[in-house]
Every structure is written in structure tokens, then in C-alpha cells.
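In C-alpha cells below, several structures.
Each of the next two complexes has chain A plus one other chain: chain B in the first, chain C in the second.
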Partner chain A sequence: MDVAPASLWRKINTRYNLVGNTCKNCNTSYFPQRVVCRNCGRKSKLEERKFSGNGTIFSFTRIMVPPDAFREDAPYTIGLIKLDEGPMVEGHIIDNCAEIKIGGKVKTVFRRMQTEDKEDLIRYQYKFEPL
Partner chain B sequence: MRDVAIIGAGLTKFGERWNVGMKELMEEAGLAALEDANISSRDVEMLFGGTMAPGSFIEQEHTAALIADQLGFHNIPAVRVENACASGGSALRLGYITVASGIHDIVVVGGVEKMTDITASAATTALGGAGDQEWELSQGITFPGLYALIAKRHMYEYGTTEEQLASVAVKNHENAGKNEFAQFRNKITIEDVMKSKLIADPLKLLDCSPISDGAAVIVLAPLEKAKKYNDTPIKIVASAQASDTLRLADRDSITELKATKIAAQNAYKQANVSPSDVDVLEVHDCFTIAEVLAMEDLGIYQKGKAAKAIADGETALNGKVSVNTSGGLKGCGHPVGATGVKQAVEITWQLRGDAKGRQVSGAEVGMTHNVGGSGATAVVHIFKRGD
Partner chain C sequence: MGYGVYVPIYRIRVEEIAKVWNEDAEGIKTSLNIVEKSVQDKDEDAATIAVQAARRAVSHAGIDAREIGAVYVGSESHPYAVKPTATIVKEAIGTGNRVMAADLEFACKAGTAGMQMVMGLIDSNMIKYGMTVGSDTAQGRPGDALEYTAGAGGAAFILGKGGSGNIAEILKTVSFTSDTPDFWRKEGASFPSHGGRFTGEPGYFNHTISATKMLFEETGFKPSDFDYAVFHQPNGRFPTNVAKQLGFTSEQIKNGLITPMIGNTYSGASLIGLAATLDVAMPGQKILVTSFGSGAGSDSFAIEVTENIEARRGSLVPVRDIISKNKTYVDYSIYLKHKKAIKKE
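Up next is the complex of A and B:
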């Protein structure tokens, strides 16, 4: 991704530590963080929350034709993961030879994302490993 | 609020139009629509121009004023409308609201996209902007990838098969073969789809709509004055739109598009018709699974029942209900900004009885369904003859 460093840096806490938030009014959790709770609107009371990283595969697909920035990674598997705390997250499911199936359990791992971009930045963030 | 009618419709051939640019595409469709409405450029009072990403495709912004000038609509207010792949449908709705309000009488609604001036991979990146760049596209998810996640879950929940999905593409190519404006006029088989290159499983190349150039134009007028211009005006009996989260991950269910359901319910109420009254539909089949979702979320079939019905031929031309007679996005092509307007052009021709070679017999109620992204925008219109 051809972007300025700031756009990656400002979301580091979210991307590195799987930090979202929870609304104290209605107990709904969000990842990534929202400023406005979808249920409570202007009266939201959102508090930061680090998620356990445990979740279930809700759906998945194997990307055979990637965007340019991921050309060297293809093919790879993308999962829609339902975290145990409620919110869903889209991300890579790494290949550890375990079967990938809907309903399968995963945990978060910290991984390198893309080799490098035009700024020579290396992105790190969460990926998911099948258990 | 005044009743609003379509008094003119024009279309370019869709496809890889290497010999023309965006301006020429709009001129081709625009002049056809003005001629159809029997009006001059000087009669037009306002323009809404739907286009998704000309900045990425041809490095051109500010397209509405540009198009207004090219078509000789001197100095009228002109507004570009961008709602990803639902830009065209959204432009039509704004045109409808403008005429209904009484502010303007003759309003032109255009849709255009010139997509083949850049590489297919650059075009794919540009289209990715319809999703959440920060949390979806940055993860290496493509648009086929998002619809693949939907398809996989739909197969898991309802037993939908890859062959049933393929039947959507087969039907739409069959219809496109009867449409002189369509990009792909060749017939294909279930086996062709199944054997085509895997893009994001379970979706294969022939499950995906293509990259296309094209433009479509509609001319609107108050119904009470429409007869002055056209013997068979088409009345817009409902115009509805809804939005949803850009991120698939933020939705409670991914086997339905909530925006489609809300827009459809609103539209049926406005028009006072029920799903079973609709004779001909143009729905947003950007991927084969999207047509299955559309048929369910528009209430034509119960959730989980559409794929089998499509595979059984119920939605073929002059079947139980005729769906995507133009060939849809898959067969006719998908110049993103043009698609929503093209759908209204096809329904106009069907309700007038002018859909040469692919006419739905006795078509009285028509519907269009235009989706942006993976369902963050849905626009639904219902039409009847206004004479």
C-alpha cells in the first residue's frame, strides 16, 4: 500500500494489540474502535478494550488474484472471524496445515503483513492461526 | 410532490471501447436520450451525473460540469453523484426528487464509467475503494473476496451450490446475446463457469462481472407534462434508498443485504405493489451470489430459496419472473457509474414494449436494484407505464 507513514502509525495500538472498545451503556463491543456506538449514538459511553484474540471462523475465502500490494503473498486465505467478545474482524488466516472450516477456532498471532512498500515501511499486525 | 416520468432513454454499447473516452461515451448516450425525448439541449434544466472513480480511472474529477458542457447544457446546475457501484441509481433518485419537488421540470440523469484506460489490476484497486480501505482492502481482501465470504457463508447456511451460482451467469449471458448493447453476447455453460479460473473461492472468473466502458442517460419530466414529449412515458412509482456498514464484519448477517431489504420494503409501500406483482427486474449481479441475495432480499423468493429457483429457470426471459433481461452486470457489462442508469433504460424499453428480441410479454411493473460496494448502499426503483 502506497501510503504516508502516519496512516499506519496512528492505528498501531489497534493493529498490534487488537484493541477495540465497548459501550458501557449497551455492552456492545467494537473492533476497530468507534467514537459513536451504533446503538446509543450521541449518548455513547465507549471504553477501550483489549480483546483476547480468540475467535471462530464465520466465513473464509482463498484469494487467488490479489491486489498489487499483496502480489508476492498470493494465494492466501482471508477469514471473517467472530471474536469471543462479539465483534467480527477480517484478516489473514495463516497456513499451519490445520483444516480451515466455518466454525473452526482460531487465535490471534502477531505477524509481518507486507514485505515492504514504496516508503520501505514494514507493516506488522494481527493475523489468525487455526487451532 | 409531483408524479415523475421518464421521457427519454439512451445507451452506449458496453464493452472495451478503446476508440472513445468518457466525453464521447456521454455524448453518445446523451444525444440518444435527447432524441428519444424529442427535446433540445437548451430544454435541460439540471444534470445529475453518476460516476464512481474517474479520478482513478482517467484522472478526471469535476465530471458533471464537464458533461453538461459537452452536451450543450450551457450553465445549468450540474452535480456529480458518487455512491460506488450505486452511483447511477443514486443519481436517478436525486433526479426524481428534484422533479417531484417542483424545482425543475426537465432533468437529465447520466451515468458513465471509462474503465479500460488503465490496467485491470489498477482498475481492481480503484474499485476496492467501495469497501473500507483501512480495515478491509488493507488486509489484502479484494471485491471478489468480499462476495466470496458472502457466498461461502450462504452455501454453509442454505446449501447453495457452486453450480447454482454458475446458472446465474449462464442465464445472463443468454439474455445478453439478445441485447445489441451488451458486452458479452456469447452463450456459456455451467461447465464453462465451473472450469474458469478461480478468483476467490468459491467465485470463479465467470462468476464475476467484467471491467467495462459505457454510459447511460435518462431524461425526467413531471408526468403531467410528459405526454408533450413522449407518447409512452414511464412513471416512476417508487424511489427508495438505504445504507449499511461499509465493512462486512460490522453486519449481523452477511447472507442478506439489509440495505436492499429496507429499500425494497419502502419501495413496495410507495408503489403499493407486492413482490409477486413485478414482471421484469434488473438486479445488481456484480457477482453471481449477488443476484441470489437480490432475489431473496427483494422478497421475490424466501431466504435460501432463490439459487435453486434460478437454476431451475424460473427467472429466465419470460419465465415466472424475468430477471436481468439486458444481460445484467455479468452479460451486459458493468461500467460502474453507468449501471444504475442502464437498469432504468432497460426497464423503460421493456415497459414501452421496445425491448427488441428480449421483450417480456405483458410487462406492466418493472423494478431496478442497484448496489454499492458489498451492500453499504442499495437503491430500488419501481416503474409502470404512465399513459
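Up next is the complex of A and C:
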């Protein structure tokens, strides 16, 4: 599974540190970043924002038949996480033996994302850990 | 200024490994003084462990990460042969780009070597704060004695100059280094090789004792001047023996002796031992730390705890809580999967 260097590099800040943006006009936060605020249109005043990484599980599903890049990880859990700052984020929920349930609290951890071929770049990014 | 430790939640017991190789588990537990060891998750490596520890260190230090001017990461298991782990760590803690960064390798002592490098940069006023990390997903050949001890974990320390934020002061550091082929791994080899019993006296004991005695000579300190001592811990037996030979009591080393519960985390081992000792040390107390890295060398430090340490503990989770709470045991087949020794084709 080839990981393109430019694509990986452009998303480092987003993937390592959960950096989105917030509109200073209406205080709406976005992840991933938006160029224009949905509420304010051309009056948008968007500023980069590093989110805390704390959130609540809105929904989740267990993946039993994975795509090739995640073949070593199955079964694994993907969730929709409502961050404390507002945005809804999709991400892996790691198995730390805590119960994964809707409404459960999570925080981000730093992990390898997928299985690469021996000569490929490694993709690191946030995943969510149940608290 | 601050420190952070990260140890994966997975453990494998000595009995589980001994069962595979038809060896005497009780004999191994006694001879190596080890009960179980930590194992990384499938998506963890030396970089992810380093980042988790580094983030905890920044949180504990209570500083703006953009003021960190150097990041050094010591490991024997850097994920890339060419491409630094230190750049991943510095980006994940948000240092900004005006930062010196490099990966270090000196077997199990690269983390303390980084500490000495950061000290030099701070003392010469080149940086305000610097970070050193020791992190490993340690390798041990299946069926080898190392397989019982090679664990996973890491620790990060942030150093700075003076001020009310300091929790401890490094009074002195010295190193004892020689070209001793006791343990090695060549490019492309999956597992390290070692000289068996040769790793003991000419390797670990000679360097650890020599560096510690050198520190005593240059400072005038003696074992009884220290409240605590931390030695590199490739297993639970070596640090106990070396402490005895140097004149330290078992009481002085017990807080920093972590390997029996998590194994040898290689570059992380001495630093995790120091962190566990700082968790309980009180103002004015002194700590001796002597690391050891095969190949071979030892870095010895005399450290004095400041009056700030108690106020700074706050929400810091003690090392012994990190390693004892929320641990999960794996059998040998899952262990192999986590170590990527078996893969789906």
C-alpha cells in the first residue's frame, strides 16, 4: 500500500495534533479545516485550532472484513467522535480493554495508522482511546 | 523541568514464553528476577511510545512546547533506518521548526546520552529547554534468554536552566566508554546478538561500576550520600548485584527497579527507573543514576531533588500506576502478532 510523501506531509499537523479551525465570527469549529465557514460565508474569520483530543463516542462499528491496508488490525473499531469543542470526527477506537459504548468518553493517542509494505512511509496519526 | 513515561498495556508472563521453549519458568524468574514483560500493541512502535511519553513530559513540565530548542530520541528500534524519529516527536509535541533534533543509538543508554547533550546546550545558553527521550520496542530472538526480558516502553525528560520550575538539579555527570563487543545488531538483522556471559563482567558490570566510581571520585560523594540509586536494568538481577558491589542497599534501589514488572525497555529502562524514583523522592534528597549501553558505555548522574517537586506532581500519574493498572495479558501467539513476527500474506 503506497503512501504518497506529499499527501502524508500536507496532513501531518492535522493527523498528529488534531488541528482544525474555528470561525471567530460564530465560534463554530471544524475538523478537518474548512476554507469558508458554513454559517458566515464570505464573512468567515477562520483560525487554526488544536483540539484537546477529548470527546464522546456518538456511534461506532466493528470492522470484521478490512481493506488491505488494515489487514493486520481486523477486527477493529471505527467510531464517530463528538469532540468537546464541537466537531464530529471519524477515527479508529483502540482496544485498551475498556468498554466501547455510545456516550463513552475518549481521548486521542498517537499510533501507526495502517500496515505498510516494507519500503513505504509510515503513516502516524491520532486514534481514540476509551477512558 | 518535567518527565513523562509511557508503557503499553500488554504483558506476557515468563511462564507463557517458557512453555513454548520447554524451559523452567521458575528457574528463569529466579535467575533473571523478572515476572513478566510489556508488549507493544500492533500499531505501536518506538516513535508512538516516544510521542506518548513526550506529550506527558510537556504536560508535566507546564511549559510552552515552542520553547523547546532540542529534541533527541534514543532507541535501538527506530522505525526507520533513515528518517528521524525525533522529527516525528518534535512535530507531535508542537515545538515549532527552530529546534535541533536527532536520533541517537547507543544500545540501552542512548536516552541518557541525549540528556548529557541537552545539558551541554543549556549550559552554553544555546537553548532554553531541551528534551531527551529513550524509547524502544526491544528485540529479543525467539528462544534466546533475551526473549524473557525485551520489553516495550519509554520515558521523556525536559531539561531547563534554573528557575522555579525545576523539580531536580543534575549536580554532575560523567561517562565511562570503551569499545566492548558484548551485544550488537547489524543493519538488516531482525534481532540482536550477544556474547552470552561476556555481556556481564566486561560489559555491564565493568562500565556501570567504573562510571559510578568515577562520579564518586569527581564529586566526593559516596553511596550513603544518596537516598536512591537507579542502575540500568537488563533484567532484575544485574542492577541488584551491581548495587551491592558498589555499596548501595536494596532499599536505595527498590523504587527505581522496574524491569521485573515490564522487562528491559532498552533505551527507556534507566529513564523509567529515574522517573519512578522522582515519583516518590522528597525535596533535598539525592538520586544516583548510572545507565549502561552495550558496545559499551555508562553515563552516571548525581541528581538533587528541589523543593518544587511536590507541588509539581499534581495530575502526574506515577510510573508504578502506569505499569500496574489496566494491564492485559497476551499468549505467545498474540505476542508474536504484536511483534509482527507473524503476518497475514
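In this text, the second predicted complex is superposed on the first by the 126 of 131 C-alpha atoms of A that agree within 3 Å, B and C clash if a C-alpha of one lies under 4 Å from a C-alpha of the other, contacts with A are read in each partner's own complex, and residues count from 1 in each chain.
In this section, a residue touches a chain if its C-beta (ideal position, glycine included) is under 8 Å from a C-beta of that chain, and two chains touch if they have at least 3 such contacts.
Just so we're clear, the structure is a prediction, and the values are computed from it rather than from any experiment.
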| item | value |
| --- | --- |
| Room on chain A for both chain B and chain C (clash or fit) | fit |
| Which superposed partner A:Met64 touches (first chain B, second chain C, both, neither) | first |
| Partner with the higher number of touched chain A residues, chain C or chain B | B |
| Chain B versus chain C as contact partner of A:Met88, first or second or both or neither | first |
| Which of chain B and chain C A:Lys50 touches, first, second, both or neither | second |
| Which superposed partner A:Asn17 touches (first chain B, second chain C, both, neither) | second |
| Chain B versus chain C as contact partner of A:Cys40, first or second or both or neither | neither |
| First, second, both or neither for A:Arg112, with chain B first and chain C second | second |
| Partner chain(s) touched by A:Asp73 [first = chain B, second = chain C, both, neither] | both |
| Centroid geometry (CA): angle chain B/chain A/chain C, rounded to a multiple of 10 degrees | 150 |
| Which of chain B and chain C A:Tyr124 touches, first, second, both or neither | second |
| Minimum C-alpha separation between chain B and chain C after superposing on chain A, in Å | 13 |
| On chain A, positions contacted by chain B and by chain C | 73 |
| Partner chain B, residues of chain A touching it in the complex | 1, 7, 11, 32, 38, 58-70, 73, 76, 78, 80, 87-92, 102 |
| Contact set on chain A toward chain C in their complex | 12-13, 16-17, 50, 71-73, 94, 96-98, 109-113, 122, 124, 127 |
| Chain A-touching residues of chain C, taken from the complex the two chains share | 9, 41-45, 47-48, 51-52, 55, 79-80, 88, 91-92, 94, 326, 328, 337, 340, 343-344 |
| Touching residues (chain side chain B, partner chain A) in the complex | 121-122, 124-125, 128, 134-142, 144-145, 148-150, 152-153, 156, 197-203, 247-250, 254 |
